[in-house]
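Chain nomenclature is as follows: A, B and C, assigned in order of appearance, with residue numbering initiated at 1 for each chain independently.
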Amino acid sequence: MGHPYIPNTREIRGQMLREMGVASVDELFADIPAKIRLRRELKLPGPMSELEVKRHVQAMLARNRPFTQMPSFLGGGVWLHHIPTHVRELVRRSEFLTSYTPYQPEVSQGMLQALFEYQSMICELTGMDVANASMYDWATSLGEAALMCARVAGRRKFIVPTLINPERFNTLQNYVLGPGLELIKIGYDSRTGQLDLSQLRRELGGDVAGVYVENPSYLGFLETHVNEVAKAAHEAGALFVVGVNPISLGLLRAPGDYGADIVIGEGQPLGNPVSFGGPLLGIFACRDDVKLVRQMPGRLIGMTTALDGKTRGYVMVLQTREQHIRRERATSSICSNEALCGVAAAIYLASLGPRGFRELGEACAASANYAMRKLRTIKGLKVPIFDAPHFNEFTLNCDDIDISAAKLNAELLKRDIHGGKPLRGEFPELGETSLMCVTELHTKEDIDRLASALAEIAG
Amino acid sequence: MRKKLGLIVNPIAGMGGRVGLKGTDGSDTLAKALKLGAKPVSPSRAVEALRTIKRSGLKFDLLAYPHEMGKDEAREAGLKARVIGKIVSGKTSAEDTKRAAREMLAEGVDLLLVAGGDGTIGDVIEAIGMRAPVLGIPCGVKLHSAAFANTPEAAGDVAARFLRDGLPLREAEVMDIDEDAYREGRLSAKLKGYARVPYEPTMVQATKEGSAGFELADQKAIARWVLELMERGRMYVLGPGTTTRAVAEELGIRDSTLLGVDLILDHKLLAQDVNERQILEMIEGKPATIIVSPIGRQGFIFGRGNQQISPGVIRKVGRENVMVIATPHKLGLTPVLKVDTGDAVLDDKFRGYIRVMTGYRQMRMVMVSQ
Amino acid sequence: MTNYRQARWAGDAVLEPLIFELGKPGRMGYTLPPKLHEQLKIPKNLLREELELPELSEVEVVRHYTRLSQMNYGVDSGFYPLGSCTMKYNPKVCEELASLEEAAYIHPYQAEDTVQGALELMYRLERCLVEIAGVDRVCLHPSAGAHGEFVAMLITRAYHKLKGDGARTHVIVPDSAHGTNPASAAMAGYEVVTVPSDGRGRVDLEALEAAASEHTAALMLTNPNTLGLFEDEILKIAEVIHGVGGLLFYDGANLNGILGKARPGDMGFDIVHFNLHKTFSTPHGGGGPGAGPVGVKSELEKFLPVPVVEYDEKHTRYYLDYDRPHSIGKVKAFYGNFGVLVKAYAYILLMGAEGLSEVAEAAVLNANYIMRKLSGTRGYELKFDAGGPCKHEVVFSTEPLRRETGVSAKDVAKRLLDYGMHAPTYYFPPIVSEALMIEPTESEPKEELDRFVDALKNIAEEARSNPERLRAAPTATAIGRLDEVKASREPILSWKMYHKHQA
C-alpha cells in the first residue's frame, strides 16, 4: 500500500531498481561501512494515521491552558494580541508556506514583494531607511547589532542598560564571545527608572562601538531622555541602537526621529501567535548609510527591473554580505530566517493601517493605564514602581503585603487568572515585583477581575 | 554599448620548443628555429581562443593588428576585425607588440587578448602597465607568468565572460626568465611586473563587483590578521607580490617594493629591496618570520622571483616561522603550489599539505608538490 | 515541449502594485473593540505625529496577497529539487496541530502547570531526536540550521575552556561545506581551516591529518556531504580528530539520506545538529521559520543552553531546568520555535521508524535514479563518479555543455523554470564548476523524475540548436530575468528609498 507522502510505492520502486540494474535498495546504502550501519529499527513512536496523530497530539496539548481561556497578564518579550483571521489564512497559502528562500526570483516574486513590503513597513514604523527580511528574534538581533557596531566603528565596547531584558543580555553575551567585545551596563534612577546619563557620559570613550537602550524598557516605562542618549553616543563616535516592541510605534515616536542608527525589536506581536515563545520575528533596521548597509546581517530584498529595463521586480541584493557567497567572511551566518513571520507582519500592518495601528497603541496604553490606576488603590501594592510614563507593561510590587510575587501568582491562578512575570530572580534589588502586560485583548471586566482578585489576596 | 576586444598575436612565440630550443627571443634563435623546420605555434592557439569566443554568441568589436599579428587569425576564426597599426609581415619583433598594446589602449579596448609567452606579456606591460585588462593565450614553453589562462579555450571563455557579464580583475605576476641561464638548463626567474587580469571566482555568480573584485578585500583581510599576529622585536622578511604588499599597507607603510624583498620591524619599513647578504645581516640575533606568497603560473612559494630568500635565510629563520599567504583566487589559479629553494632537503620541509593563510583568521590546507 | 505558465498579474510595467500604491484614505482592514476612556500620561513630545502605512479594506489586503501568492512557487506547486534543502512534502495535519489554540496561544512564561502539554511535547520530541541521531541529549532552542551550528561552536568553546585548553583556535571545515559552517565558526571566534576534497569527492585524509593539530577545536562535517556522497572514511576521520583532542560536529542538513540506516552518534560525532525544516518536513515558509536543534553526547550535556525540559518522576510533571551551572546560557529568548517543533513531532509520529527508513530509501533511490538516467547524457558530467551510489542528492556539472555551446548552469536552470519545475541549486558546492545540485526527496513520483530528466535532455539539445532561447529564459514565469547587478549597485530597499530614488 502506498504511503501518502511517498508516491513511489514498493512496486514502483522495484520497477525503478530494475531499470537501473540494481538488485535491491540495500545496494544503494552499501557505501555505509558495516560497522556503523544500523541493523535494528529505530525505537520511535508511530507510525500513526492522521486520525491517530491528531488524537494523540490534541490530547497532549489539551493539558495546556491557553490564554484565550483565562485572562493572562504576561508580556516580557512576547505579547498577546488579536490576530485578524485573514492574516493567518493568507500566510497558510501553500505557495508562500511551502516555498523556500527566493533564489529564483522569476518564480518567487510573490515572496520577494511581500518581504519588500515588510521591510518597507518596518522602515515606516522605526524611522529607518533599510530593514532586513528578518532575524530569529529580538535577542539575536541584539547580538548581531553589537557585532555590526563593532565592525562599523572598529571598536570593542558596547553599552547596555542594567535593566535590559536578561534573556536578551545573556544572548548578547554569547554573540560577543567571538570577537571578544566588552559589555558595559549603565545604571538607572531608582525613582524613575531612567538611564543614568552621567554614568553613560563617563563610560563613553573612544572605544565604545555602540550604545543600546530599550524603549519602552523591559520593565515597561519609557526612556524620556533618548535625545540626550543619542547625542552623547554620537559625540563619542558610537552608534545608537534602540530596541522596541513595534506595537508601541503606532503611538510613540519613531526611534529614527530621535537619533537611532540601528533599530531592532520583536516583530512577533505583529500578526504572529505567541506560540510558547517561537517562532518569533527579529526586526533589524538601519539608516541608509553605505557604511551601515554593507555591514548589515541578514537577507535584503531590493527593487529592480527585469532585463527589459521596464518591468518592476524584486530580488535579493547585496548577497556578497551573506554566507552563501562570502562564507567565513560573511557579516553573519544567518541563512534561513523568519520570513513567513515577516510576511504575516506586513499583512497585519497593512490591515490596520495608520489609523488602526495608532488606535491599537492607544487601546493598549489606555487599558494599561486603567489597570495601573485600579491596582494602585489596593493597599500594599505599588503600581508601577517607577515614576515615569509607561506604554502597556508595568511593574507591580507586593513587598508590603508580605507575600511573594510567585505566591501571588499561585493565588491568582486558583482564580483562573494568570499574573505577570515575577522579577525577583532577574532583579533581586526590586524585591517582590512582577512585570504585568495589558493589551487590547483585555476587557474592562478582565482588569476589574484582576483588581478584585488582588484586593482579596492582599486583604 | 558593445565591448571592444583587442587582439595581439606574437607569431613567433613558442617556436623554439618543438625543435628543442628554449625560446625565440633574439633573432638568431628565430633563424635557427626556422632552419630546424619550426612552425609557428601561436596563430593556431589564438584561433582556438577566438573560436571559443565566437561560440559564446557574444556581440563585440574586435580590433586586431595586421596580418599574422591578429588579422589573419581573426579571419580564420570567422570573425570580422577592424585592423589598426602597421607591421612588416614576416619581420615582427617586441617593438611591434609594444606599439600594438599602446595603440589598442588608445582605442579604448575593454580587454587585450595576447597570444604569446612570458616575453610577449612582458612587452605588453612594459608598454601599457596595468592601464588595460590583459589576458594571455598560452603559447610556447615560457609560461611562468600568472597572466595566462590554462588553455586557449579557457582564454576565450574567460574573455567572453568578462566582456559579457563582467568579472573581477586581479593583479597577476609577469615573469622574466633569464634566457641564457635557461638555455644552460638553469632556471632563474625574476618578477618583471604585474598585469591586471580577469578571473573567474568559482564560488560566485559573475558580478560586476568593481574592478578588483574580492581579491582586494581578501588581501586586506589577510593583512589584518597578519598584523594581529605580529610581535614587537621580531623581524619580518616580506617577499614580493601584491598580497604581501597589502600587509605592508595595513601597517601604514606606503613605500614597500612590489617586486623585491623588504624587511619590517616593529611596524616600520627597515630596508627595501634587499639581497640575501643584507637579509642575513639584519636578522642576526633576532627572532624572524618570513612572509611569502606564491608567485607565477605554477605558484612557487620559493624559487621564482624571491631567490633573495635563500636556503640560508630560510634555515636561519626556521620552517615554523614561514607564513605563506595567498588569496582564495590565487589558489584557484594555482591549486597545487611548488617550491624550489635550490636545496632539495629544505624543499622537502615544505612538501605535502601546508597551511596557507587566505583571509582574516582563515587558512586552507594546500598541497605543495614535487 | 512545455505548457507551463505561472500566473502573472500585470499592469503597466508592474506585476502587482506595491501595497503602498493601493488603497484609499479612510479605508481599514481591521476593527478593534472600543478602547477604554483613559487619559494617557505620556508627554506629547514622546508621541508620534504621523505614520505612513497603506489604508486598505480587508478585501483589498486579501486580494493583494492572494495575487502575490499566485506568483510564487512552493513544493505544493511542483518539483523543487533544491540540493541540500530537502524540499519534501509538508503534511497538512502538522500545520493544523501547530495552529491549535493550545499550541499557538500559550505564553512561555506561563506557570509550568498550565503548559504541561507543551513541555511534554518538547520532551518527547527530544527523545525521538536522541534516538534518530544516536546522541544523549538534544537542545531544541536554535531557530535555524546556522543558529544550531553557532550554538555547537559555543558548546565547543565551553568544552575546551573548561578543560583549560585555551590554545584550541582552529575549526576545520571541508571546502565542500555549506557556507553557514565556516561563517558560524568565524562568528564564534574561531580561525577556520579549510581542507580540500579528494578525487573521490570526499574529505582528503592526508590534508585532514596535516590540518589536525593541538590547535584543533573541532571538525564540522556533513555526511552525506554536499556532493551527495557518503564520507565512508568517517571512522578514520573521527579517529584523527579525536586523536588530537578535537570534537566532531555533524551538520544535519543531509540527514534525509541516512535516516534509519546510520546514525551520526554511531559514526563518532560528538555534536549533531538537525534541520527540522528539512528532514522533518516542517514547511520552509519562503525562508523561515525553521528550527535547528542541537544534540550532544553525554560529556557535553552540561553545556547545553538553558532551560532544558526535564521530567520529575516523583511528581509526574515536566519542568524547565535552569539549574545548570556549566550551561552556555541563552542563545535566543525562550525555548525554541515551538510552533515548528509541534510540526516535527507530528511528522515523526506519522512516519514512525519504518516510515523514516522508507523516506531515506525512497529519497536515495530517487536521487540514484536521476543519476543513472542523466549519466551519459552529452552535456552533463558527473564530477565524482566513483562508480558507487550517491545518497539523497547528486551533483552534475554542465561544464561539457558550456564548452560545447557557451551556455552556463544558470542558463540551464532558468530554462527549467519554463517546465514548471523549480531549478536545482547551481554553482554550489564551490568545488564543482557549473554545478547543478539535485535533491529530489522521497516526495517525487517516478513520472516527475522522468519528466525532469527529459527536460534536462531537451534543454541540452536546445542549447546546441538555439542557445539564445536558454539565455532568454525563463519566459513562462511571472517575470523574466531581473537586473541583479543594478539592484545591488543602486539599492532600493524600501518604499522610503524608492521615493527618494524617484525624486
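Here is the rule we go by: a contact is a pair of C-beta atoms (placed from the backbone, for glycine too) under 8 Å apart; a residue touches a chain by one contact, two chains touch by 3 or more.
Quantities reported herein were computed from a predicted structural model and do not represent experimental measurements.
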{"item": "Chain nearest the overall C-alpha centroid of the shown protein atoms", "value": "C"}
{"item": "Chain pair with the most C-beta contacts", "value": "A-C"}
{"item": "Farthest chain (mean CA position) relative to chain B", "value": "A"}
{"item": "Chain B-chain C separation of Cα centroids, rounded to whole Å", "value": "41"}
{"item": "Inter-centroid spacing, chain B versus chain A (mean Cα positions, whole Å)", "value": "52"}
{"item": "CA centroid of chain A to CA centroid of chain C, Å", "value": "20"}
{"item": "Interface hub residues of chain C, defined as touching at least two other chains", "value": "182, 186, 190, 192, 428, 484, 488"}
{"item": "Where chain B touches two or more other chains at once, by residue number", "value": "203-204, 207, 361-362"}
{"item": "Touching two or more other chains - residues of chain A", "value": "320, 325, 327-329"}
{"item": "Chain B contact footprint on chain C (complex, rising order)", "value": "170, 175, 182, 186, 190-196, 204, 206-208, 210-211, 402-406, 410, 427-428, 430-431, 433, 467-468, 471, 484-485, 488-489"}
{"item": "Chain C-facing residues of chain B, complex", "value": "55-57, 153, 157, 160, 166, 202-205, 207-208, 335, 352-355, 358, 361-367"}
